[in-house]
Amino acid sequence: MIGTGAAMLSDSAPVLQPLAPASGVFAYLWVLLALPLFGAAVLLLGGRRTNRWGPYLGCLTVITAAAYAIALLVSMMALPADERAIGQSLYSWVAVGSFQAEFALQLDQLSMVFVLLITIVGSLIHVYSLGYMEHDVDRRKFFGYLNLFIAAMLLLVLADNYLLLYVGWEGVGLASYLLIGFWQFKPSAAAAAKKAFVMNRIGDVGLSLAIMLIFVTFGTVAFDSVFAQAGQASETTLTWIGLLLLLAACGKSAQFPLQAWLLDAMEGPTPVSALIHAATMVTAGVYLIVRSGAIFDGTAVALTVVAIVGVITMFLGAIIGSAKDDIKKALAGSTMSQIGYMIIAAGLGPIGYVFAIFHLLTHGVFKANLFLGAGSVIHGMDGQQDMRRYGALRTAMVVTWLTFMCGYLAIIGIPPFSGFFSKDDIIHAAFEKNWIIGVCGVLAAGITGFYMTRMIIMTFFGKARWEDDVHPHESKPVMTIPLIILGIGSLFTGAALVYWGDIVGWLEPVTGLQEEPLAIPTIALEGITLTVVLIGVAIAIAKYRSTVPVEPPPGNLLTVAARNSLYDDAINDALVVQPTYALSRGFVTVDDRVIDGTVEGSASLVGGVSRRLRLVQTGFARSYALLMVAGAILVAVVLVVVRLS
Amino acid sequence: MNIPWLTALMVLPLVGSIITLALPRSRPQVVKAWALIVALATLGLTIAMALEFQADATAPFQFTESYPWIPAFGISYSVGVDGIGLVLVALATVLVPVVILAGWNDVDDQATKGYFALLLVLEALMVGVFSATDVFLFYVFFEVMLVPVYFLIGRYGGAGRTRAAVKFLLYSLVGGLLMLAALIGLYVVSAQQLGQGTFDFLALVGLDIDPNMQKVLFLGFFIAFAIKAPLWPFHTWLPDAAKESTPATAILLIGVLDKVGTFGMIRYLLPIFPAASDFYAPLVIALAVIGILYGALVALGQTDMKRLFAYSSMSHFGFIALGIFVFTLQGGSGSTVYMLAHGLSTAAVFITAGYLMQRNGGSSLISDYGGVNKVAPVLAGFFLFAAMSSLALPGLASFVGEFLVLVGTFIRYWWVAAIATIGIVITAAYALRLYQKVATGPTAPSLEGLPDLTAREKLPLAVVVVLTLAIGFFPGPVLEVVNPAVERTLEVVGVPAPDIPQAAPSGGEAP
Amino acid sequence: MNEMMPTPEIDYLPLLPMIIVAAAAVIGVIVEAFAPRRARRPLQLVLAFGSLIGAFAALVWQSGVRSTEVEGAVVIDGPSVILQGIVLLLAIVAALLISERTLDPAGDAFAPRASALPGSEDERQFTSRGYLQTEVWPLFLFSVLGMMLFPAANNLLVMFVALEVMSLPLYLLAGMARRRRLLSQEAALKYFILGAFSSAFFLFGSALTYGYAGTIQFSGIAEALTAQPGRSALLVGGLALIGVGMLFKIGAVPFHQWVPDVYQGSPSPITAFMAAAVKVAAIGALLRVLYVAFGGIRWDWQFMLWVIAGLTMLVGSIVAISQSDIKRMLAYSSIAQAGFILVGVSAASQAGLDASLFYLIAYGFTTMGTFAVVSLVRDSTGEATKISQWAGLGRKSPVLATCFAIFMLALAGIPLTSGFVGKFLVFEAALAADAIVVVLIGVLASIIAAFFYVRVIVVMFFSDPPEDGPSVVIPSAATTLALAISVAVTVILGVLPQPVLDLIEQAGVFLG
Amino acid sequence: MNPESYVVLACVLFTLGAIGVLVRRNAIVVFMSIELMLNAANLAFVAFARMNGNLEGQVIAFFVMVVAAAEVVVGLAIIVTIYRSRRSASIDEPNLLKY
């Protein structure tokens, strides 16, 4: 597909829609940010006195935001398609010479869907957390952090320039850091939090360099004017920008090679994993790429790399997901894999952008569903996360089971569940662009079928392998109701977005879309994909129908590798961490011995000279006289020398 | 402007400290209260002055005063501030009350008087050094400041204080005397060119100095400044000084005094020695970048909090110097904002570290801490904020500075910016490593039942936090003040900035 | 060669200051001879202070005069007036220190009978009877006379005589310390032997110069330089040997070795007087010889002075670092300071002259102050001169310690002290004469010097006082006044040097 | 006889005196060597006076003798006290002040 870039450029450059001034209901766009921010401020600064009602305030702010978001959606749909992009400039933020970054919000169709995802799923997870975190002493803080996250995430998707996006970008990073390490007294949690932040920082290097390059190239960092000029820039420049943005995306979205932090991030409370590490934050990378579509359109190379990264991660995640016994880690693996799909879609160019977002939305729903289900299970199993200790839970927790099944069917893509529509579109688009990617997509779908089925069987079917004093029970309504809603969501989102919401048409003004005659009939492709998935399911059933050993069996080389997350930690350690610390130790020594040593050394040298020199002062008057004579001669000699020269 | 603002800003704390000495030694609380009042009064005066400042004025300096001092050598007592000076004066006058409040119990009652008196003297001198417009006067403040700091470290510091104090003083004197030589050289040159020699800043800027002479004199000044704002490899005094001095001293030393170095670079080196600045820029940039990475890496390997902060400061000073010597508006303004931000973040880290140490037998060894978050969440929270502000989290003051510096650098040497940007990863690594070891995990036995912050302790931190956030989200006022000054400086240097395409009229303007 | 020598015309008024001092000295001798013991001290005090103050008054009164007197043997010009003024002021301060008698329980700083055997029975006798050695005063006054004449001499003979009149009394005074007699006598012996040795050099140098120029008048020598370039062997030899004689008195390396021993051994008031006043007189004389007599060949001696100055600054500073005795450390410090002054002299320009004069004022008073403080820190055996004994002085008597700290900072050349302005001036003069290397050496030396100046502050302020540490004696009004004057001058010259600079500028040039 | 040779002689005497100061231990002898140097100077002055054909040199000689005498008084006084307290006139003996 390399080389087709130029061609794509011609017919697929997204129609740039002018930003309409924020009026009417949009005039209060900033409130969307202010609400959760206010919640966070009150909860975090308020201290203990807010302990009692704090959590409810936390939910309230987000729910209100969600309501407002829906209001926005409604009034946006009322507008004609090319006037749906709203801009609201609050004030000039960083202005130095030609570098001008406004604190300005932009709400267009793309941001809109994200706002909805964030606020609605966010609300559900907040409510769910009321139950899940009921007995935690620091409940208030938890909701404070969640609100902080929502605010930052909204800023990320509402920013109208890259610098402001960067603020949201690191803001969600901070929130994620705080929430992964929420149980800080657990060293593993603290370590995981740090790991997540630092690895994200590597991505941030990409983002900040990208911003600088964008500024130097276009003289601005505001989306609209950057995209307006994207055409003028040379392909090399655009490629560089694209690759830097991809680096950023890899960090945030746990894509290869920066994927290692996501599995550790499961140290955080399950609602966090659901909201941040499944539904919203980790998909920010996809948002970044799609948002910068205008830039990627100009660089086939970058797009190819994006697609390749997606493919690699898709398989990595799937393989890891297939071997993990910890239910959350298995789900995390699947998240990586699913985001891999989205990145692939984004890597396909305009044809894929829409499907990337589409899959992002459905995935946001059903993965949240799955995680909350897992959370409900863990809750019922007194914190046990090892699936080998589960089994036969379908009787014990019916609601959880049923909703979980919705999520399951959605993710493996059984029609009419939502995953079917979105994933299928991606695979389809892939075949349009490059059949290899398409095949990969199909295979990964098969693996998805495998590991999800494995999870279902190990958790809900077969014999009970519970530890003795565990008495699984269904969770409270406060937790199950969100589950039910999300379950229904998993069922309908896809269909709704396609048939009723016309997601494609909705996003087209932002992403642009290139209609091409389909080479292969859709129905055939869907058939193939389904069969592959079912094969995966079958294998899983075959493998796990019989009893599941409580102790993991030795397993083959691949399994062992997968259990160790394909040794990503070991590799990072060997390639980056250890060398860095070695360098650090080396420099510390250099600093003490060489640099400071030189300083101290010169001082002691003078001291030594001094101690020698004072011995000349023998105390004998005659030696003094001798020196005087010598001095006299010296003086005379110097005088003569000067006189002769 | 007939009100002698700046002189007042110097006289007030000076008189205050003299009165402090007159107060009874037996009543330390009175002494502290008095010192705080003086500092607050000074701060109020500064605010009043700042409000009078016209950002768009055409005159290079405002609030100027000038009286002949040693006419025989064209030396005069001339003060005045431009945007850069104003920002730094403000920083100084803000931090002094903060550290007085934070260092309320730093020293035992016997020493209280001398300690706070010295702090006030230092404040006066800091105002002076940033507002002098006569180079000789600047030098005088530059050197005299050493004395109170020397006593603050050597008398009130930790176990190795004497050694650290002497090291600090000698290091600084090395720079100071080289600078003196260069200063005199400059005077001789001015005498040759103008007939009557002068030390007046603007007159010296007007000189047309032979490039080779510039290169020589430049070094004299530069080494002095490079030692003050420790650039690699002139930095080894800083870790010792930081480790041994009390938090208040450390904050004023690293947060404000060391800024004299970078301030001197942008105020004196660039305009007076444009050719030499251009000539040495690659060298300085190299040192700066080395400093950024080296400092961060060494910080990563530290076992002592305060030493860690010292090295991280060194890394940040690298950024500041970098921004100054790329000769771009973004770089210069960024550096100035960064000076301000770094002052605040230094205050945050050292205040929190000081509180921790007070609660743990004065140990600054990282290994003596752990799980603070569980016993003192508020303290830990501030500590985390300090870490975030030193790793330049977007939305905080340091981010504005750091990013502008990087942009300014990228405009001229994209690859230098690329290398420097690696620093932000290492910074995150050491900052969070520190927080992880100190605040998280199981609580260290010695810290069980550790009391959390009192209101008196929270207040100064709150001030710092608010300012950090305010500048992070609303840097506008600061930038408006700073930009013209930087522009003026760059005009003198005359190195054309690489041209950036003008932003296309963004499609979003409302019809 | 005619049989009738014309009687010289002498205008005595401009010489009045010297005449007053000389008369007072002579009367002092008579007083020693005839006045009853009880009456001697008061009389001597009256004589000394009266004459010194009177001389200073006369000097101010006559300060306008610019002339050469006594057939051109003595010259009264701006620099000489300034120098005489400095000498007189320093002498007054020194006299205050000498007159101090409350510090030592046994009496003043001088041995009751210098001739008595140390530790012998009769010494104890004299001590117990509370004898005081009032011969000190006339000797002191004679020395002052010499110092006034030294920089005013206008030919080599008068200069030689002045040199001796200045030195001989000091040889004796050096040996009169009440405590540590043996050290004191040793100091006297070394000072005398080496001093005489050096003046022999000076004299022979004068002879050679006379041989070269055919005259000993400085003006004549200057003319000879322009008139007849040849016979340079005599000239070089003469200049070199005269230089040796001068540099010895200044204490420049390598003619410095007497300084530490003598300063340490002598009674502190005398040390203060020597360290401050002798340097003023000697530098003054050196300036006159070089600028007036040998100004024609400044390119020859300038380089020589650069070498000497560099050596002096470095050796003085370096060796001082490893000293453990405060007086000895101050001695080395004074050597280093002499080096800095020589940097000014070597500029061979008006700026150099002015700088040297200012530096002399600054240095002189600061040095006085330091030794005044030294004389106050005592234990049972007399002055406690081990630096280690000074630990924690800042806690025990903050005022005194602060004074000393100020002196140290001044000597280290920290701004707002006289020392800084002095350094600034000499460096400025040197750089104007393109002596960059020397200035850099000076910078290096200052850094090294800073180390030991600062170390004293460390000991005084940053370390805790030992149990059996020395006590600070509460001084009488005399020493207090001396100390106050020194501090005042040190600070004022640092903060507001302009008036003094004006004074020096008005003084203007040497009268050829 | 040629006055120049007197000058040479004076130089020789001066050198001898200087060497004497350096090599002899007894304070008195050292002191006498110094006197020798002074008189060498005198001789030189007189010789030069003759060569230059003016009286100054001879006048100086008289002055120098007086000064030398005064020096003797002071010098001997000091040496005698030292001798009394140490029972020796060696100038290497008093060696307490050093380094």
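Per-chain numbering from 1; labels A, B, C and D assigned in written order.
In the analysis below, contacts are C-beta pairs under 8 Å (C-beta built on N, C-alpha and C of every residue); 3 or more make two chains touch, one makes a residue touch a chain.
Source: prediction; values computed, not measured.
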Chain closest to the assembly centre - both centres taken as Cα means: B
Statement: Ranked by contact pairs, first place goes to A-B
Message: As a quick test, compute the distance in whole Å between the mean CA positions of chain A and chain D.
response: 97
Task: Quick one: report the Å distance separating chain C from chain D, using the average Cα coordinate of each chain.
output: 25
Task: Quick one: report the Å distance separating chain A from chain B, using the average Cα coordinate of each chain.
output: 36
Task: Could you give the separation in Å between the centres of chain B and chain D, each centre being the mean of its C-alpha atoms?
output: 66
- line: Residue numbers in chain D touching two or more further chains are 18, 21, 30, 91, 95-98
Message: Please output the residue numbers of chain B that touch at least 2 other chains, ranges allowed.
response: 170
- line: Multi-chain touching residues of chain A, meaning two or more other chains, are 603, 614, 617, 619, 621, 625
Which pairs of chains touch, using the document's own definition: A-B, A-C, A-D, B-C, C-D
Query: In the complex formed with chain D, which residues of chain A make contact?
result: 614-615, 617-622, 625-626, 629
Task: Over in the complex, which chain D residues touch chain C? Could you list them?
output: 7, 10, 14, 17-18, 21, 27, 30-31, 34, 37-38, 40-41, 44-45, 47-49, 51-52, 54-57, 59-60, 63-64, 67, 70-71, 74-75, 77-79, 81-82, 84-86, 91, 94-98
- request: Spell out the part of chain C that touches chain D in their complex, as residue ranges.
  value: 1, 114-115, 117-118, 157, 160-161, 164, 168, 171-172, 175, 181-183, 185-190, 192-193, 196-197, 200-201, 203-204, 206-208, 210-211, 214-216, 260-261, 264-265
Message: Applying the document's contact rule, which stretches of chain A touch chain C when the two form their complex?
response: 603, 606-607, 609-611, 613-614, 616-617, 619, 621, 623-625, 627-628, 630-632, 634-636, 638-640, 642-643
- prompt: Tell me, which parts of chain B touch chain A in their complex?
  reply: 170-171, 233, 235-236, 294, 297-298, 300-302, 329-330, 333-334, 371, 373-374, 378, 388, 393-395, 400, 403-404, 406-407, 410-411, 414, 417-418, 421-422, 424-426, 428-429, 432-433, 436, 439-443, 473-476, 479, 483, 487, 500-508, 510
